[in-house]
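Provided herewith is a single structure, encoded as structure tokens, for subsequent inquiry.
Chain lettering (A, B, C and D) follows the sequence in which the chains are written, and residue indices restart at 1 in each chain.
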Amino acid sequence: MAAIAVERGQMLGHWRRWAPVAVLLGLCLVVGLINPSFFSFGNAVRMLNTAAIPLVVCMGATFVILMGSIDLSVEGTIALCAVAASMLVTNDLTGVTIGLWSVPAAILLGGALGLLNGLVHVKLRIPSFMATLGIGFAGIGIATAILGGVMVRIADTDFRNWLSLGRLFGIPAAVWIAGIAVLAAWVIQERTRIGRWIYAIGTDEQTARNSGIPVERTRILIFGVAGLFYGLAGALSAAQIGRGHALIAQDRLFTAITAVVVGGTALSGGVGSVLNSVIGVFIVIVLANGMVLMGIEPYVQKGVQGILIIAAVALALDRSRLDVVK
Amino acid sequence: MSVPVLEIRGVSKSFPGVKALDDVSFAIARGEVVGLIGENGAGKSTLLKILNGVYQPDSGEILVDGRSVSVASPRQAFDSGIAMVFQEQSILPTLTVAENIFLGREEEFIRFGLISRSRMHAAAAEELRKVHLDIDPGMRCADLAFAARQMVEIAKALSLNSRIKGHVTILLDEPTSVLEQKEVDLLFRIIRDLRDRASFVFISHRLEEVLDISDRVYVMRDGKVVKELSARSASVKDLHQLMVGRQLHHEYYREARQVPPSPAVVLAAEGLSRHGAFHDVSFDLHEGEVLGIAGVVGSGREDLARCLAGHRRPDSGTLHIAGAAVRFAAPHEAAGAGVGLVPAERKVEGLVAPFSVAENMTLAALPRFVSHGAIRFAAELGVARDWIERLKIKTPSPDTMVGSLSGGNQQKVVLAKWRIAGVRVLILDHPTRGIDVGAKEDVYDLIRDMTAEGLAVILLGDTLEEVIGLSSRILVMRDGAITARLDAPPGGKPRQVDILRHMV
Amino acid sequence: MRAMRQRLDTWLPLIVLGVLVLAVGLYDRTFFSLGNVLEVTADTMTLFLMASGVTLVIMMGGIDLSVQAVASMTSCILAVYLPELGFFAIPFAVLGGIVAGFVGGYVSTRLRIPSFIATLAVSGAVLSAGYWFSETRSINIPGELSQKYLSWAVGNFLGVPNEIWVGAFFLVLLSLVLGLTPFGRVVRGIGAQERAVIASGIDVDRVKIAAYTLSGTMAGIAGVVMAARLGSGSPTLANEFLLPAIASIVVGGTAITGGVGSVWRTFVGALIVQVVRIGMTFMGVSVFAQQIVFGVILVAAVAVTMDRNKVLVIK
Amino acid sequence: MAKNVSELPLTSKLSRRSVLKGAAGAAAVGSLGGAFPMPALAEETTWTLANSLRSVANPYHATFAKGGEDFAKSIGARYEVLVTEGNSEKGIADIKALLQRTGGKLILNVDPNDSPDARVIVEEVQKAGGFVVTQWNKPDDLHPWDHNPNYVAHMSFDGVPTAEAIANELFKAFGGEGGIVALGGILSNVPAIERKLGLDNAIAKTNGKVTLLDFQPADWNEQKAFEITQAWITRFGDQIKGVFAANDGMGMGALEALRQNGLAGKVPVVGIDGIDAALAAIEAGEFAGTVAWDPLWTGGMGLAIPYAHVTGKIDITKEPKEHREFYGTGIIVTKDTVADYKANPPKVDFNDLWGKATGQIQYRS
């Protein structure tokens, strides 16, 4: 069958796939040249530690974005789960103590909130932007209402050690957990049915439906899966700072979306991967870390960050696949 | 006929304002290939979508092996032994070949809750072998050429054959519209090979193909089956007549109206090249001529057309419009110079579906309908009404959403858009793809009208026959270069074989 | 039937607004007083002005996340330069918004970066600019200067607060631009099917950049009005405005995916957002429940108002 | 770390009650009706009291709101809490709505979201005939005596000497010599500016013994503080002898970053606000100190003073300027004083209107 032209010239496309990594390496090089202590083992561990929670968050956010949807409930879900987790371990507010069981509890709560996002979005036919925005508001509201303005202080050393402070081979527990979360997300993406269906739905929902994929159910489930990751991020957040409160996830949302996009996942859906987001998270973290290491004037940091992010996306995003950019 | 493998009885289906199917009955015997033809809007696609579980019938029943079944989803259809190749390609570019073939039915490869890549790829390789496509199942479909994707699509439908015990039915909704002759031949060979295990329903606008492959043909019109006949005893002309419901015009391609081109050159290409697409292309385009470009997919003709219309940039070479050198960086620059493109992907590039007929018509000429910064709606409506009448566009009103019109009428709106814009050169990329016979003839008439008014047309036809019939001159392309230039005056048309020789 | 249903859809945002107003008003009659109605409307206008320009961007299927930072920055420019430049400080401040909008549009279209990221990044740069103009503090606008140059924004005319006149002026202006001009039609077309608009020989990039510029301009004007109302400029003046602004647009029924929408819908949407918020204060909803109620009502309102006629896939 | 509940400082105990209330609020979401009180059928005859603040999600403002509630209960008046959620226009619109609903019979104690808001709020309240006390933020040229009698007073805490004092506690904790890093609030916030100034003063007075290695604004955000502190540890390593945070939240973020690197308790941290977590950290020897603001007092007294005027107990227009614009008392809490502070939390006497005032507000420009 020589007559059928099988492949298209894709040299550039293959190269593009590695562009986010190149951006990350370039960035590390620049920061490292200005401040060599960037390359120390200690700093690597510290950056991994800082990246742990954003990584977990981005795993969930990537799935939703790959479907072409968006999840703005990130902060509300994390806050509520963090508050729940900290109220279920030894603390100064409630008498309930279930120790490490609070972690699965937080994860499940996150999953439930995610399902709620999905149900409202799919069943009421509301754009995910609005459904998740509303539920995000409500999540923070509920966390505030439960606490009445106080913070829960966690006194459970086990909880904090297992999720954050403890170290294995010199690497903090949070990093290991984030690593497991990334692995889980990768397996879900590559080796499960809904993982593959995410791409199908994100690329062309109608075709996905015609192929017999239960699109509505999958959408709801994916929001649920994303919620599981936010739930874990909630537990990790509580363990990291040893407290639970309604504002614990402040600024997590835009950081997460920026990381996902900088990593090369398209907001229009279908293109990208959780591994891209891992690179994206590190680009964002190195950028923030580098600002301090390089001693950039505080009030221009936001501006420099903005310009660098534009540059990173311009280099990293495989725009050859996008006919139109929205 | 013994018990049909698949039968529908008295099926009706209505959409708001339209009765798409009216008491349709239809049967397929074991191992049979049934052709299904009809103009656009006759109800063929609706019928297939009901068989495939995308739509639910309002009344009537579906029987598989004589038993009444309900087909509530594509998945259920599949489990009942019915698979479909869609008219709009349903291959997802972001997934691999293997994933596309088994999309929505991955469970057979699941071990311990996870998909086994190796099993899936092995099974996919098996299916690909059937369609003689030698590609890696792990390859992303985005990296495949268009025709190869279509073959993957066909492999996907045929995979049903090895998944289901017993007899299966495969629905093919215009599988050949993007295929070249060689691929069509291959497809037909596969269909014939599989007849002991499968039955086929075949839809195509290319009636010769339908007669070639089918045993029986159903003709539909206005949501009803108007005739069922044996393919052996029917001719293309019969089928035309039955579909349209009127006498077929004797002279299909309006050769009599082909005007001798004027000596005035409106567009001249000199040594145009684009890396990986075409190289050193030179030609003149005269006023009032239809210049056909023939070539297989991959010959570079699509890329050439898009370069001429400013959608892509050539790497080298010059382009003159009416004697002046031009370089187009974007479509709007080409349009400004009087070059328009009627794209092959009508729904994506041709029309803004939620816009009204009038809004679409004036889109390329908006500044002309503006005074003091505001659109003159009355003038716009007037022009739209005028063109609706001139092109015999069937639409309730100029304000109707264009997305609700049939394919043929949509294409006329696209043509009207460029006529209103007053282009001097119009590039037609598969202008009759997926539109029915009656509308095709209208489009041919329109092309003759345009050339009579001095427009120059570049035509990338749907079939070779169409290119020959319409063109005054024909360029043949192969592997990115022009391999032949043929004159095609009325009465002195080149034969298909003469052109094919230069194409492959 | 279909036509009637469509006509009803058009009025749904207004109906939702009416029901909400009625609910609050029946609970507390003082809500209905003319003074209060004018007051509530006037208070909504900065939100509307900020959302009005973004509406165009969202109708194209893009998004502009920089408006909050832009409004804050223009308030700083105005406050810094009003004593020096007098009246000309106003166009100068708005110019800041124009430039920011243009840059966002340029980066998004020419560098082909998704608007979400492009405008988010521009927002960072604009924030830095705001700090630079204001030397990182809030700057007072002396009363007499405000009297002299900004009374068009904060005074009264015919018993109606000037904010409403300003808001109404831009409502009409932008509605006319969107409804009557080729620009407006192309904006709508880009949201519905961008590739077809490109293939029709329209310079889409130029229109897109223009729309982003307009969005920045409106944010700039919103910043000026806000500075006039609060009598000062501050680099954080418009904080927490972004999400309510986008919520106003969506609650009005404009599809976030583009193609469908209008400025009057955003006007009504902003009023809905405001009435829900103020209504909770009127009805004495506990602050602990307010955010929850707000979230739930927003979702419910969108469920009712969204114009789904022309939106095929809801993402 | 586990501790006996009876040892908890005052704010926690108070909050425990609001937890129950909050939980009830959350439960009411299911049946929204429960969240709404019955409409007042009779015309309002008494004054409504209200505190306006940023968000009940942070402990300082939650306690501030509680202080207002305590006072309202003590006189049996109706009490409302308004939140700005960080949005100036929302805060103002809410206040206008409440003025409308109460027909102007409103006593308002407001912590404006941004200093410019204060002028608009004062003008609106004056127009409606209500009474207002502002806290923390206001433009320098806006004075209560220019809006008699409705603008009753402005209360604040002088960030400069406070920050200077707590910075000195930090220096003392590491022996008075070496480098420190400092976390600031949102750059343009008045308290953030004042606290930075106080820190600078303290450093200047050490004659070069203490150096400021780096200053970064963490926007009052503990997460940001965590990340910045991590980077500092890389950049400066053991040059860092102490961490100054412009509020306790950021201080806690810095402390956790230190803890991740085994430095908690070795590198002292100071904060400002006096939240529970900070007090606990002081007890644990990880914080060198904090400044407690007594939000119960500010939350209640901002209502008590105008109420005294309304009921004729005082005539505010005749009060001296140091009773119209005054600083409250920040209590420095360190390892030495924390036990005493927790055992004897500051008491609030609503009849002693200016007992805790510490002088008229000074303007530096």
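One rule holds in what follows: a residue touches a chain if its C-beta (ideal position, glycine included) is under 8 Å from a C-beta of that chain, and two chains touch if they have at least 3 such contacts.
If you're wondering where the values come from, they're calculated on a predicted model, not measured in any experiment.
Chemist: State the pair with the higher C-beta contact count; candidates are B-C and A-C.
Modeler: A-C
Chemist: Which whole number of Å gives the spacing of the CA centres of subunit B and subunit C?
Modeler: The mean C-alpha positions of subunit B and subunit C differ by 44 Å.
Chemist: Quick one: subunit A and subunit C, Cα centre-to-centre, how many Å?
Modeler: Roughly 29 Å, centre to centre.
Chemist: Provide the C-alpha centroid distance between subunit A and subunit D, rounded to the nearest whole angstrom.
Modeler: Each chain reduced to its C-alpha mean, subunit A and subunit D end up 33 Å apart.
Chemist: On subunit D, where are the residues touching two or more other chains?
Modeler: Each of 21-22, 25-26, 29, 56, 65, 187 in subunit D touches at least two other chains.
Chemist: Subunit C: which residues touch two or more other chains?
Modeler: 131, 136, 195, 198, 288-293, 296
Chemist: Touching at least two other chains at once: which residues of subunit A meet that condition?
Modeler: 138, 140, 142, 144-145, 148, 299
Chemist: Pairwise, which chains touch?
Modeler: A-B, A-C, A-D, B-C, C-D
Chemist: Show me the residue ranges of subunit D that touch subunit C in the complex, using the header's touch definition.
Modeler: 21-22, 25-26, 28-29, 32, 35-37, 39, 56, 65, 80-83, 85-90, 92-94, 96-98, 100-101, 103, 114-117, 119-120, 139-141, 186-190, 193
Chemist: Going by the contact rule set out above, which residues of subunit D touch subunit A in the complex?
Modeler: Its residues touching subunit A are 1-3, 5, 8, 11-12, 15-23, 25-26, 29, 55-59, 61-63, 65, 184, 187, 214-217, 221-224, 226-228, 230-235, 237, 252-253, 256, 259-261, 275-277, 280.
Chemist: Which of the residues in subunit B come into contact with subunit C in the complex?
Modeler: Result: residues 16-17, 311, 330-332, 334-336, 340-341, 343, 348-355, 359, 363-364, 366-367, 369-370, 373-375, 401, 417, 421 of subunit B touch subunit C.
Chemist: Would you mind writing out the residues of subunit C in touch with subunit D in their complex?
Modeler: 27-28, 30-31, 33, 35-36, 39-40, 43, 46-47, 131, 134, 136-138, 140, 226, 229-241, 244, 274, 277-278, 281-293, 296
Chemist: Tell me, which parts of subunit A touch subunit D in their complex?
Modeler: The contact residues of subunit A facing subunit D are 35, 37-38, 40, 42-43, 46-47, 49-50, 90, 92-93, 138, 140, 142-151, 153, 155, 157, 164-165, 172, 240-243, 245-252, 288-289, 291-293, 295, 298-299.
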